[in-house]
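Next up: the structures, one after another.
Here chain A shows up in two complexes: once beside chain B, once beside chain C.
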Partner chain A sequence: MSDTIETLVKSVHRDLQSNRTAKRVMWLYIGSGLTLVGVMILVGLGMRMAQGGMHTFQPGLFYSLMTLHGGAMMVGMALCGMGLLWYLFTLEGPLNPITAVVACALILIGAVLVAISALVGGFGAAWTFLYPLPFVGTYWPSWATGAFLAGIAFVVLGWTVWCLQMLGGVLTRYGGLRGAFAWDLVWSPSKCASSGRTPPPPQAFAVLVAAVDGLLAGSAGMLVGVALFVRWLDPTLPLDPLWVKNLTYIFGHTLANLTIYMPLAAVYVALPRYTHHRYWHTSAVLAVAWWATLVFVAIAYFHHLYMDFAQPRAVQYIGQAASYLAAFPPAVVTIFGGALLVYRSGFRWTLGSMFLYVGMIGWTVGGIGALLDATVAFNIYFHNTLWVVAHFHTYLLEGAMLFVLGWVFHCLEERSGATSSRAVRTLIGVGVFGGGAWLLLGWYLAGAQGVPRRYALQPAPGMEISWWASLGGIVLIVGLVLCGIEAIRLARRPARQEISVA
Partner chain B sequence: MTRQGILRVVAAVSGALAAALAARSLAEGVEAIDVRSHHLTHAGLILGGAVAALALAAANRSPVPPPEKPQWLLPAIFAPLGGMVLMVPTFYPYMNAHPVIHVLSHFGHIIAGFTAAWCGERYRARIGWTTALFLEAMAVGAAFGFGVTR
Partner chain C sequence: MRLTPELTIFGIFLMLSAVAICTLVAIAFAAHGPVVAQTAVQSPGYRLRRVWFRGLAIIAVVGFLLSLPAFPYHTRSQPASSQHHPVTALQFAFVVPPVLPLDTPIVLDVTATDVNHGVGIYDPDGRIVAQVQAMPGYTNSLPLALKKPGQYTVLCMEYCGIAHHLMRATFEVR
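== the complex of A and B ==
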């Protein structure tokens, strides 16, 4: 009897210890990610105000800041999603924290190198580093290009380490690809039910898609990174520009897409906890939807190459079709499913649940903007205008970031057993959603007017729109500051349950 | 023959084929080979090394999946990077003119393929397949633009 108790006590100790470690790893990722995002929001507002004529940047500095803003935002949002997914998966199966910390460190070293390249060296070829921009007509020293490419290489290495760890975890936990994809649940449900095996939970599909598509993006990123790095060392090396562009967008577009799909896991896990006895289970429809997402996320990038006449025509059609089809799985399964989960469920509105729910709305709006731009007939007008900036800021700022904030507040609320007052929620809501919508509207309107993106000085009516849109940005930042203060208040409260086995 | 035996034969045959292909440059002497074909030859060498490693790993696989071994992950990732460094087209004219160094670099490709796959499998079951595919995809992909123009 005493042996059994001792074994149980040891096992609880071990579980508590590993859960504490897993949470620390998660906060390392989310903390560093949100810090990067916060600083880059300030940089972004500074650029928007400069476009509105509120102050001036040297044009070179504007493009360096734009490069830094894009790269660091991608890395910051990705880190948040990676940490969140990593932690959620540790609740399903063991993952080694050292591997995760190494991946995070590699990515942060990459971010520092990119920052040095942009801020000290003045590198300003945009985070998409489209060949031959990093090498031709440059106003920055050659070492800045090398530092930027090395920074991207470190980010790709860290990302690849993370993807391999997650893929290894999910394949081991669910018995290979067949189990991880819930193949039997879809094709032979009776066999699946009689086997006694439970299919992976919804968040495990996000892990699988992030890992598989992430590795595809990582291999493209590593190949193009090596090619550009060698081109930097040996300027006589010929590179096929269309080949470079395809690889750059397999890497960049897929990574940008995955930054949204990764924090989605928070919606699957946390949103049901605010309802009355409802939960998100794995169904055949959900599994098939994620299979479709796996394919379409990988091939939708072709819509970035509509203007490249040398691209084979067939892939232009694939790009158009995949962009449309990519919208169905999340719209039908996740967003519609989320709305049904909340409907008449006795939903508790807190800051956490509010962010998660509004995040789905932001994702939908940004997704519709993306679909319009991915339609060839519209793309003729919207290509490289501020419409592009509008749609990706919508689903990053008012989608992915809200999922992350929702998860952060969900953890804080669960830990402290406290929630925010209605007045605080209203103030934060007005700031983050109202200010955010105001800021985004400026990009949509300017894009529809044909104002080009990536211009320090914009043609009319860009400047007027940028001026008033900047005010929305200020309101958004006030909302985020309030959000930060509220998070600190909740974090300083004593934990609701102190489980002691001593 | 047992499954283990077959896998060991597969490993030996793929390793021997890759080694023969690698040493071919010694027999042929100074070669004039275009960059694309050269990249694709290297992809073949990498494939030989990777198949040998995967077959050996499968032959020695334990029935219970072992826990994650993080020390194997970095070599599994740096091997593909090393493989790509050996595929820098700037080195090709020099390699073509110096058969011994050319053959050594070919063995470097086999080792890169083997290391990526073997260390990946040691890190966690099935990850060797992934890292081998990762490297092979890069090697084949390089043939369409890395030092190559239309």
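== the complex of A and C ==
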């Protein structure tokens, strides 16, 4: 009997240690990701204020900061989602923490190289580094281009290591592709039920899609990166700009989309914990929705090339169809499911649950803006105007970032057993949602009037709108600072219990 | 501020967003009502989801079909007699014809000599009426008919370097 108890205690101790290590890995990812995001929000506000005429950035500096802002923001958001998914998966099956730390280190080395390239070398070809721009008519030294490309290679390498680890984990844990995709649940539900095997939880689909689409995006990114690197070494190498553009957008578009889908796992896991005995379970509909996401997110990138008339005509139609179809899983399954989960559930409002729920609203609004832009007939007016900036900032700032903050506060609230007062929630809500909406509205309004994006100095009415929108950006940052103070307050409280399932 | 197609789309965006926000906020407020078991909301919820799915599918299919005639690509329906005018973009200028005909089907054959650019055409009121990318090694043929007389402005719509924001040209339509 005493042997059994001793074994049990040792097992619990091992699980506890393993959970602590997993949490440390998660905080390494989320901490470094949120730090990058926070700094880049300040850089972004600086650029917005310069566009509004509140101060001056020389165009070279503006475009170098723009390059850094875009690249580092993508990396920051991706790191947050990666850490969150990695941790959630360790609750399902084992993952090697050293591999995860190596992946994170590779990505951070890449981010440092990109920062050196932009801040020291003045590299300013935008984070999309559209060939032949990094090599032609440059205002930065050649080494800065090499440092930027090396930085992107490190980021892609770290990302690929993470994707491979997650894919390996999910396939091992759920019985190969058939199990991970919940194939039997969809096509043979009775056989699935009688086998006694439970399908993967909802968050496992986010892991699977991030890993599979992530490997596709990473391969495209690596291919284009190597091609450009060789071009950097040998300027006589001929490259087809349209081929490079397609590859660049498979990489950039897919990665940007995954930064939204990855933290969605926090909604699946944390939102039900604020309800009265409600659960988010895997159904056949949810599985099919994620299959659709896997396919349509990857091929919707064609909408970035609507104005390239040299593209084969068929892919322009596919681009619009895929963009529309990609909206179905979130609209019909995830956001609808989230709303159904909350409805009449005795929902407990805290800072964590508020961020998670409002994140779904931000995702919806950004999605509406994106769908209008993905309609070719409207894209004629909106392509590469500030409308594009508006919709992707909506679902990054008021969607994905809120999912991450929601998860952070969920963890802090679970750990401390404390929540924020109503007054603090209101203040933060006004700052983050109100300031954010004000900032975003400026981009939508300017975009609707044809103001082009990526302009250091904007034509009318861009400057006037940017001035007003910058005030919203300041309010947003005040809200985020309050959020940071509240997070520190909760983190400094003693832990409620040793073992937390969060 | 005149009501242009772009501002109309902006209005549609605001309206759809308002509906989505109000619905989700109303559900959030309903969370405080009497607590109902999950099984009790699932059945009517799934029925509503089927209706929602079908409604969205109809909107998507109808929207897709309605948008097809507005696709801007050079089609066979364009008169064969349309005049072709070359447009070249380079860091940091456009080479455009000084004069283009009013209300006549024309085709702009757009290319670039160095990096990717975008050709955004703004009418005399400052409204964007057409755009196309300019890519080295490719010619993008943009069919259009310019409906208003006066001076049009061309702005660069693809980031192309340090003077991207200064890259502009004008042409006359008469």
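One rule holds in what follows: the second predicted complex is superposed on the first by the 497 of 502 C-alpha atoms of A that agree within 3 Å, B and C clash if a C-alpha of one lies under 4 Å from a C-alpha of the other, contacts with A are read in each partner's own complex, and residues count from 1 in each chain.
The working rule: contacts are C-beta pairs under 8 Å (C-beta built on N, C-alpha and C of every residue); 3 or more make two chains touch, one makes a residue touch a chain.
This structure is a prediction, so every number in the text was calculated from the model and none was measured.
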- Using the superposition described at the top, determine whether chain B or chain C touches more residues of chain A. C
- Task: State whether A:G218 touches chain B only (first), chain C only (second), both chains, or neither.
- Result: first
- Query: Thinking of the overlay built on chain A, is A:T419 touched by chain B (first), by chain C (second), by both, or by neither?
  - Reply: neither
- Figure out whether A:V332 sits in contact with chain B (first) or chain C (second), or with both, or with neither. second
- Of the partners chain B and chain C, which touch A:T99 in the superposed model: first, second, both, neither? first
- Message: In the overlaid three-chain picture, which partner chain does A:S117 touch, first (chain B) or second (chain C), both, or neither?
- Response: neither
- Task: Using the superposition on chain A described above, determine whether A:V342 touches chain B (first), chain C (second), both, or neither.
- Result: second
- Task: Name the contact category of A:D240: first (chain B only), second (chain C only), both, or neither.
- Result: both
- Just chain B (first), just chain C (second), both, or neither: which does A:V161 touch? first
- Common interface positions of chain A, toward chain B and toward chain C: 240, 242
- Message: Which residues of chain B touch chain A once you look at their complex with the stated criterion?
- Response: 65, 67-68, 70, 73-74, 76-77, 80-81, 84-85, 88-90, 120, 123-127, 130-131, 134, 137-138, 141-142, 144-150
- Query: Which residues of chain C touch chain A in the complex?
  - Reply: 5-7, 9-10, 12-13, 16-17, 20-21, 23-25, 27-28, 30-38, 41-42, 45, 49, 52-53, 56-57, 60, 63-64, 67, 70-74, 91, 114-116, 118, 120, 122, 126-128, 130-133, 135-142, 155-166
- What part of chain A is in contact with chain C in the complex they form? 59-60, 63, 124, 126, 128, 130, 132-133, 136-139, 240-242, 245, 276-279, 285, 305, 307-310, 313, 316, 320-321, 324-325, 327-328, 331-332, 335-336, 339-347, 357, 360-361, 364-365, 368-369, 372, 375-378, 380-385, 444-445, 448-450, 452-460
- Would you mind writing out the residues of chain A in touch with chain B in their complex? 94-96, 98-99, 102, 157, 160-161, 164-165, 167-169, 171-172, 176, 215, 218-220, 222-223, 226-227, 230, 233-234, 236-240, 242-244, 247
